[in-house]
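Below: one structure, written as structure tokens.
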């Protein structure tokens, strides 16, 4: 015979939703900046913030689905070895629920979209006057950098703090991916054309430049270091390199 | 003409000449012979000093292989006989449908959709197994940095071939076995609309798989399964094998897609209106239509790559006026819809399972259809989110971000349908249900992490990292594979007459489920920390995450091995199940097990959808 | 199936399947070419120093690909691609360059990078191969006359950072010397020193593109491990 479950209280489910949301919120707020590379630019800062915002928005959604699933496992599983009878509620439609669900997911999506488009529009790579131009050449399997203003070439990337840098990026053989993990900027290096990135380093210290587009045999070794130094240290370095390379 | 179970016990059919003796062995022989012929002709007539010589010889060899394979399996017999005016008789048709041939028919060009369905189960297992071996090789190599077991060239080849094998396996994982075995019966039909094309789609897949599996043996690939240009030009003849395997595979999917759609649209029995179809039929049809749109791009882009390599055209060669961006666009025009071709059948099967196991109708059947259709339609408009960081078209970033984020709406509807179906149900906790709950847990993570990646500032940081790899593995392994296994456990009794062993199934589930969490959550972490993907070695800062990922991978491997053991052992030693072990109401459960050759003695007349669960069903 | 049977079958599946996979993996790994690493030789009376000599050939008939040159006898190759050097040591390396050459695609690699002196020492043979120019310490060579480069780097975070790149000029000599199964002319001699730090694994490859592909010329030998690419392990 059809089951006659008296409607069990949904309080447990809502409590679980709240609990899981709380856990999700804590993870959302604390995990990203602890797991991700140290932020060394405004781009990276906004990226980490965006990840936090998206996680915070997603937490109640995930928590809701999980709470229902857990509640189902606790209350709606048929106990016993016999064949389960038809459920007492043979609901086929619930217009209000369906409409609300679509509306809620649309609103959430629109919010994420607005945030994303906004983040995109904010050009926080920096618009500093007198940007430093650095030419980046990707080839199998090495990044090489040149500072056209001073005729200096370098196997590592040295940048002055606080000054906007314009990267002009190209490749000589196949497509490579130019990525500065600490600064949240990435674009492919393509053969026959130049792509551009700009960012403003705002922390001193080391960073890695990694290739992110599978480029063959030694793709995993196409990683090089970079350093952000003070503007004074940068001028000194540039001058020393220019003298040494003129020889 | 009887169509009952007695068939299997009658004397096997005899005679019939060479055509009736064709099987997998003759197919392999035909393939090898004609491959050699193709090689020989090219080798003899071409100038060996030309730049494209090895590519041309290889392409000729692969064309010979597939033609010979078709010839050997008997794919050309039907059309051949029609051409010469000696078309198949009814007796021929029954023979080719496997009448009275017992086990032997599984090795042959058999038109019975149920046989094709079982053959697809075997192909899925073979492809998953081969891809799985490579996955274990990859994870074993990555347990510590440095290249200790294999050098980076071999590792890179593993990565590419693992990807393609698994993609192939998942494209057919649900659609292959179940759109074939179950969908015609669900519609009330005796077979698919084009039974010979059905056999063609399966055996073409086998031929294509042969080419793909050969890639590793001939020097492999040096780029991912996406085989971007211009790096594809640097690969050896492995690239030609790969490209031909895709061109051939597209024949298989096109034929299968046409067959599915025509069957559903034209062969439903009296009273089976579209609104009374089981939701799985809708899902199969929508996925087939989307595949018909998407896969020709794949064939096109690989054909262009072959032309660039063999005939020195410059579709993708910048020096000749082409661009790698064209290759990337064409590839992703296929690549994004393709993941939904993979996902939709799995989700549709889970809808079906949720209903039967909750003992209540699919919640909001119409929303389920709208969700799957909306997803398929939108998926056509999102492809360039794979190209956000290429520098190709920065102004198109916003529009593609818009379309990609909109996809979360129909995807969310899937959760509404599943949760609505489970809500206050009388849930039967058997294997299919277990994998359904696992899917729910994993698909949330898969979907949410996809939304992160759809946001351009986040994508600028996470593109090309292990975060992306973890995201799509939650989709493919955590969601699609779970749906495929649920479908297997659900329809296994219909195919074999026995239940898939419940205890082994549970052991398998927990190993795989926990393994997925360990493997891919730690992979998200290595991605967030900054580890790029497709790296044969990595910086020490990623070591802990990688050790965990490898450990989790071994758990998944153990779980899948237990599942394989369960499938094999239960086939002959499982607990016997009647014709309707789940007490469900769709037509496949109302025919005997195994279903007779042409499914129905008398075609049924339908008066309602299969979602009315009544008392009588429990006793049935 | 009884529960105990089920657990037993599960265990057997894992053991048998795992064993089969391990075998397959072992077979795959063994099929890979392996070369015993060339050890950097300590210099008597000079602790903290060692010496290493390798060669670059226009084909694979000398070096580690066997007397028949292996699967690709016509591919350019280095004599040894697997090198072991001790940690915290000054490595004195000599490369004998037998091959002809052409123009680099990036003038960066015509400079000497990462050596202790900032230079490498070059000695070029005469056309008949009988006499050598006086060894000269140079920091840059002609970018249009390069045979190969030796470019070595590691992954940041795995050992002390090392970046060394040495251009190896093209060989002008035309005489004939037999080495292994091949015939070559007197080589260009290049020597340089660099320092290793802590233990780590470093990869080197040649940056003069001469492999057969339409764009970038980094196919064939350039993209294959063991020809124009190898490993330096600092132990």
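Should a chain be cited, it is by its letter among A, B and C, assigned in written order, with residues numbered from 1 in that chain.
Definition applied: contacts are C-beta pairs under 8 Å (C-beta built on N, C-alpha and C of every residue); 3 or more make two chains touch, one makes a residue touch a chain.
None of these values were measured; they are calculated from a predicted model.
Q: Does B-C or A-C have the larger number of C-beta pairs in contact?
A: B-C
Q: Can you tell me which chain lies farthest from chain A, using the average of the Cα atoms as each chain's centre?
A: If we average the C-alpha coordinates per chain, C ends up farthest from chain A.
Q: Between chain A and chain B, what is the separation of their C-alpha centroids in Å?
A: 30
Q: How far is the middle of chain B from the middle of chain C, if each middle is the mean of its Cα atoms, in Å?
A: The mean C-alpha positions of chain B and chain C differ by 42 Å.
Q: Taking the mean of the CA coordinates per chain, how far is chain A from chain C in Å?
A: 37
Q: Please set out, as single numbers or ranges, the residues of chain C touching at least two other chains.
A: Where chain C meets two or more other chains at a single residue, that happens at 155-157, 203, 215-216, 218, 222-225.
Q: Considering chain B alone, which of its residues make contact with at least two other chains?
A: 152-153, 222, 230, 234, 318-319, 537-539
Q: For chain A, give me the residues that contact two or more of the other chains.
A: 173-174, 191, 208, 216-218, 220-221, 223
Q: Would you mind writing out the residues of chain C in touch with chain A in their complex?
A: Going by the criterion above, the answer is residues 105-106, 108, 111, 113-114, 118, 139-140, 151, 153-157, 161, 163, 165, 203, 205, 207, 209, 215-218, 222-225, 229.
Q: Please give the residue numbers of chain B that touch chain A in the complex, ascending.
A: 152-153, 156, 222-224, 228, 230-231, 234, 318-319, 323-325, 358-367, 389-391, 397-398, 401-402, 405-406, 408-409, 412-413, 415-416, 419-420, 422-429, 437, 440-441, 444-445, 448, 451-452, 454-458, 460-461, 463-465, 525, 528-530, 532-539, 583, 611-615, 617-618
Q: Show me the residue ranges of chain A that touch chain C in the complex, using the header's touch definition.
A: For this pair, the touching residues of chain A are 137, 139-142, 144, 146, 153, 155-156, 172-174, 191, 206, 208, 216-218, 220-221, 223-225, 244-245, 247.
Q: Residues of chain A touching chain B in their complex?
A: Against chain B, the touching part of chain A is residues 1-3, 5, 7, 32, 35-37, 43-44, 46-47, 50-51, 54, 58, 61-62, 65-66, 68-69, 72-73, 76-78, 83-94, 97-98, 101-102, 105-106, 109, 112-113, 115-117, 119-120, 169, 173-175, 177, 179, 181, 184-188, 190-193, 195-196, 208, 210-221, 223.
Q: Across the complex, what residues on chain C touch chain B?
A: For this pair, the touching residues of chain C are 1, 3, 6-7, 9-10, 12-14, 16-18, 21, 24-25, 28-29, 32-33, 155-158, 201, 203, 211-216, 218-220, 222-226, 231.
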